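Okay, handing you the structure first.
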Amino acid sequence: MDILSGTGPVLVIAPHPDDEVLGVGGTMARLADAGREVHVCVATRGQPPQFSDDMVASVRAEAAAAHAVLGVTRTHWLDLPAAALGEHPHGAVNGAIGGLVADLGPDLIFAPHPGDIHLDHQLVFLSTLVASRPHQADYPATLLAYETLSETNWNAPYLTPAFVPNVFVDVSDTLDRKLGAFAAFESQVKPAPHERSVEALRALATLRGATVHKQAAEGFVLVRHVA
Amino acid sequence: MDILSGTGPVLVIAPHPDDEVLGVGGTMARLADAGREVHVCVATRGQPPQFSDDMVASVRAEAAAAHAVLGVTRTHWLDLPAAALGEHPHGAVNGAIGGLVADLGPDLIFAPHPGDIHLDHQLVFLSTLVASRPHQADYPATLLAYETLSETNWNAPYLTPAFVPNVFVDVSDTLDRKLGAFAAFESQVKPAPHERSVEALRALATLRGATVHKQAAEGFVLVRHVA
Amino acid sequence: MDILSGTGPVLVIAPHPDDEVLGVGGTMARLADAGREVHVCVATRGQPPQFSDDMVASVRAEAAAAHAVLGVTRTHWLDLPAAALGEHPHGAVNGAIGGLVADLGPDLIFAPHPGDIHLDHQLVFLSTLVASRPHQADYPATLLAYETLSETNWNAPYLTPAFVPNVFVDVSDTLDRKLGAFAAFESQVKPAPHERSVEALRALATLRGATVHKQAAEGFVLVRHVA
Amino acid sequence: MDILSGTGPVLVIAPHPDDEVLGVGGTMARLADAGREVHVCVATRGQPPQFSDDMVASVRAEAAAAHAVLGVTRTHWLDLPAAALGEHPHGAVNGAIGGLVADLGPDLIFAPHPGDIHLDHQLVFLSTLVASRPHQADYPATLLAYETLSETNWNAPYLTPAFVPNVFVDVSDTLDRKLGAFAAFESQVKPAPHERSVEALRALATLRGATVHKQAAEGFVLVRHVA
Amino acid sequence: MDILSGTGPVLVIAPHPDDEVLGVGGTMARLADAGREVHVCVATRGQPPQFSDDMVASVRAEAAAAHAVLGVTRTHWLDLPAAALGEHPHGAVNGAIGGLVADLGPDLIFAPHPGDIHLDHQLVFLSTLVASRPHQADYPATLLAYETLSETNWNAPYLTPAFVPNVFVDVSDTLDRKLGAFAAFESQVKPAPHERSVEALRALATLRGATVHKQAAEGFVLVRHVA
Amino acid sequence: MDILSGTGPVLVIAPHPDDEVLGVGGTMARLADAGREVHVCVATRGQPPQFSDDMVASVRAEAAAAHAVLGVTRTHWLDLPAAALGEHPHGAVNGAIGGLVADLGPDLIFAPHPGDIHLDHQLVFLSTLVASRPHQADYPATLLAYETLSETNWNAPYLTPAFVPNVFVDVSDTLDRKLGAFAAFESQVKPAPHERSVEALRALATLRGATVHKQAAEGFVLVRHVA
């Protein structure tokens, strides 16, 4: 009946672990409940010295817990260098994401918003767009950009691409699981009034929902839909 | 499976007769083939002295023929003054379109693009937006803006809203009917190389199709979709 | 220390009563607490048959109560025709708002966002801009556009001007009064999940606050500031 | 050799007298020097009680003097109501401007910028665009929007269309005549630092020139050029 | 008489071979017919292992054939690394393109559109802009951005710069040669309905033509023109 | 009383020496006169072979003289590679600027405009934005983007972010010192009509001033202000 009602695999691409939950958590749970295969791709891996192997392992355990809450089918780790995609060969990022898209054949993809302040987000968006381009008969029918608290709202108003949602997904029934999944990312959650707090995430869901007369929603920007 | 796969009534709002065919003809035929109720609303009526009653009747006969080709369920004539909506009370335009939306309860609406050069198109878009706003539990789940050859491309690049399609509907199977329906508007069709010619309409369909690897497509801009 | 720290009168221009509270309520209370003169101008008056004199009187009583909660110095009613500014002479709207600006000599003005779905909002913004233009030595040093739940988010994404706040006012200490003032507009408040509900208004304040690490904030778009 | 090097008539459309000099004065003189027919169309006429017949006559005398300095071939007065185009039938504005375009058959048209703060400017632009649309074999090959000090810079940054020039005309040799023509509009010239002052106009010419390494230039936004 | 009517050399800058034909083929033939020197600069060279020396040689032979059809004076190969400009020193790209511009002294330059999905296109545009900046008396008077099927339409609507043509060149007389030149790129042409097919290219020319009442046209976005 | 009236340190970030004077010179002098600590950060250092050590030393001496004229408290040299920030690790640029912001704790930051043609400007802007994000209780309350003659106006109109000032600082009393400081950069000043000339800089100040009825002003785009 709507843009979510397909049957093929779904792929959510996160530059760093927890982006996928902040932006698409409630929708992922709804899709999983509906029987869809839901894949998460985490594009980067924290690099030493900022991130030790232990820290990486710890965040991955958090992700596993969060993804279990949401019903994620499988999590794919691309291990590209975090906070360093700008220096990594663009072709290699294209190749890593493009390879996964080719393998899974998703008909619905969620990518970070190109207007996010984090350069990794901008570059992952571009590579996802390249991987999804309609240059052959088979390609993802729908590509949506999601918003990420603490990335999307911190860019420069009117000077960088704005996030103005035109697709709203009712997550009234899955918001609790989304917030629970986010809480599972103990290393990433910040206390209010930080924008990456449970309280801010709940407020965003309430606001996006109210815009379309729902208790809770996630907002997206449509990049392309082919019917 | 996609944005067209609902079951409720569909409403295509045309400022003047033939806009609906230029922008949505192939999609209307596809929806009708799929068993959907497809309604066309023509917002305005030509006014004397430019348009005599005979001319109005003649265009309506053309519209009837075109709509029959496409499988339109019913055509609604609002009889607002053509080329004079700017002087007509905005509340009255809102009321006329809003009343029809309330009566039909469509879940999918097509409106002209607000960046069209014709002021009537801009005002019909705004009133459709008002009529579709999510201020109660029940409202149209999807609102799409369509393009109109000889209106959309003649506005001022970068100074007025651009039409950049993000929704593409495959009309490979219904393009011939679309072109036939447009040809039925004998009073409106112009010889090539006019933009309102059959040749231009076919080229547009080929181009929009090629963008998404289809033989023919219609392009739209998503205004809102709620899932 | 900041854009609010002047000493002259403040003027908040509302197309219809309650817009000023939705957009600027917390900031008005903060400014009043700081000893500033805070004026509200309501541009329009509901017209029969939609609005009886009794209804108008009732809304004005609600406004009086709300404004008292916020510490508003004085409320000015321009009595322009509500939902009909598009047919009212533009010069007359300019004149009414321009006259008030000339009389009060505010150094800080708040206007509705020109990207709101309601034509009245768009026209009141334009007339406020005209009234504030720097065509003589004395003019308002600061002009800010505010957002209005149930108007700002219901316009057409990417086709109409987006509201992307670049000024944030901490209203942690006055949010309760803002919500109380809004609740005083009994005829206008809607139950959740309507966007014009107390719950949505609170969520918006939480989100705008979180963006700048505050418990609650109101967001604005700067139109002009002269230092 | 460039966008100015045609041979047909040139038409400069001014909402009010002096706009044409502020925006196109130096270019008009250059075109007249090159032997082109240069027509000015003043769209509106000041209305009582703000403008008496004497005042109108006086401004027209100033215009005649200014246009003589610039070598204008003929000035056309459309006598539409100044500061009231919003209430005048849009079709009538289209008709008046369209009629003149049809009569003169210009191949180069200059129109006010649609992002100007004055509604008359916005509406004159739209009607010029309608009059110039390529709906038949013969139409103006080039349409440029010009900037008007005290109108263009006083609109709302990022919320209304920005004037960012992409066409620059070297007026090093005609700037003095432009400033002289503007000075002839004694009733309109303001003392510095008003934006409608000779000093501001000179500064603008210096800046636009410096952007393209010329002593003085006028900047325009290209709406359409057909080669 | 128009933007093409100069006498100096013309330079078309292509990120990869065939871009220049897709975007500017008909215009190049028209300029060559008019006796202009037409230079093509191909910025990059395919790299192993994706591209062998044989493949590179083969594509260059195709380019030679295509350019002969169009009357290109000379083709310049910069041999920058294809699909890897993001990792190549920006200064080196600037230097390579800037050197060629300095050598040739073109008065008309065509560059790829900065909103294309391919990062190479974005970077070649930026370097061309740097090479053309008016920082001395002598610089290219006109800079136009062209569109490239399979690159321009596959970016993200409303989130990346849109291609909305404001310059149209009538290529009714040279379209056949353009299509022939494109067909010469056997390794690059795809069968319909791919966007990089002869059919799509013909449809684009028909549509761009119809917009300005011509049998066929190429559309461009003006970056800068100095008269 | 206004956006400048704080008490904390001010930080002006220049990609290359003299950008800070071109964009913020008059405002820096005004702030210094008001007793504020004014810091300049020059992000890059010229690299051999284009720039010898002697040349670098010479420019730094010019900067010292210019900054003395303006009352700059201290100049910080980050020594990142000039004209090569695109190849430098983004994290390292973030770290260098972020470290200085953390050390100084400014409440007001000026950054180059992200729409400047120079890639270094774009990247310095982004890193400044990252350094200023509100991810903890303490962060710069105000972030403004400034314009740089010979960088800002040479980008691609409507395809790259436009500079449309919404903050104006009256520099009538300090313009002479600004022009004097710029003249101190003997190696950078160009003769008129170059855009990086004293004459162009004076014209810009006159124009920005006239827009807000001042003898001279500097214009800025507000990125964020928290009150």
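General remarks:
So that you can tell them apart, the chains are marked A, B, C, D, E and F in the order they are listed, and the count of residues begins at 1 in each.
Everything that follows uses one rule, which is that contacts are C-beta pairs under 8 Å (C-beta built on N, C-alpha and C of every residue); 3 or more make two chains touch, one makes a residue touch a chain.
Being a predicted model, the structure only gives us computed values, none of them experimental.
Chains that touch both chain B and chain F are the following: A, C, D, E.
C-beta contact counts were set side by side for B-D and A-C; A-C has more.
Shared residue numbers account for over half of those found at the interface formed by chain C and chain F, and the copies are therefore classed as meeting with the same residues.
Its interface matching that of E-F in over half of the contact pairs by residue number, A-E stands out among C-F, A-C or A-E.
Put simply, the chain farthest from chain C by mean CA position is E.
Averaging C-alpha coordinates per chain places the centre of chain D 34 Å away from that of chain E.
Contacts with at least two other chains are made by residues 87, 134-136, 154, 157-158, 166, 194-195, 211, 213-214, 221, 223-224 of chain A. Contact residues on chain C toward chain D in their complex (touch as defined above): 87, 89-91, 113-115, 125-126, 129-130, 133-136, 145, 161, 221, 223-224.
Of all residues in chain F, those touching chain C in their complex are 1-7, 134-137, 139, 141-142, 166-170, 211-214, 217, 222-227.
Taken together, the chain A residues at the contact with chain F in this complex read 83-84, 86-87, 117, 119, 150, 154-160, 194-195. Note for the complex: chain B touches chain E at residues 149, 153-154, 157-158, 162, 164-166, 192-195, 197, 199-200, 202-204, 206-207, 209-211, 213-215, 221.
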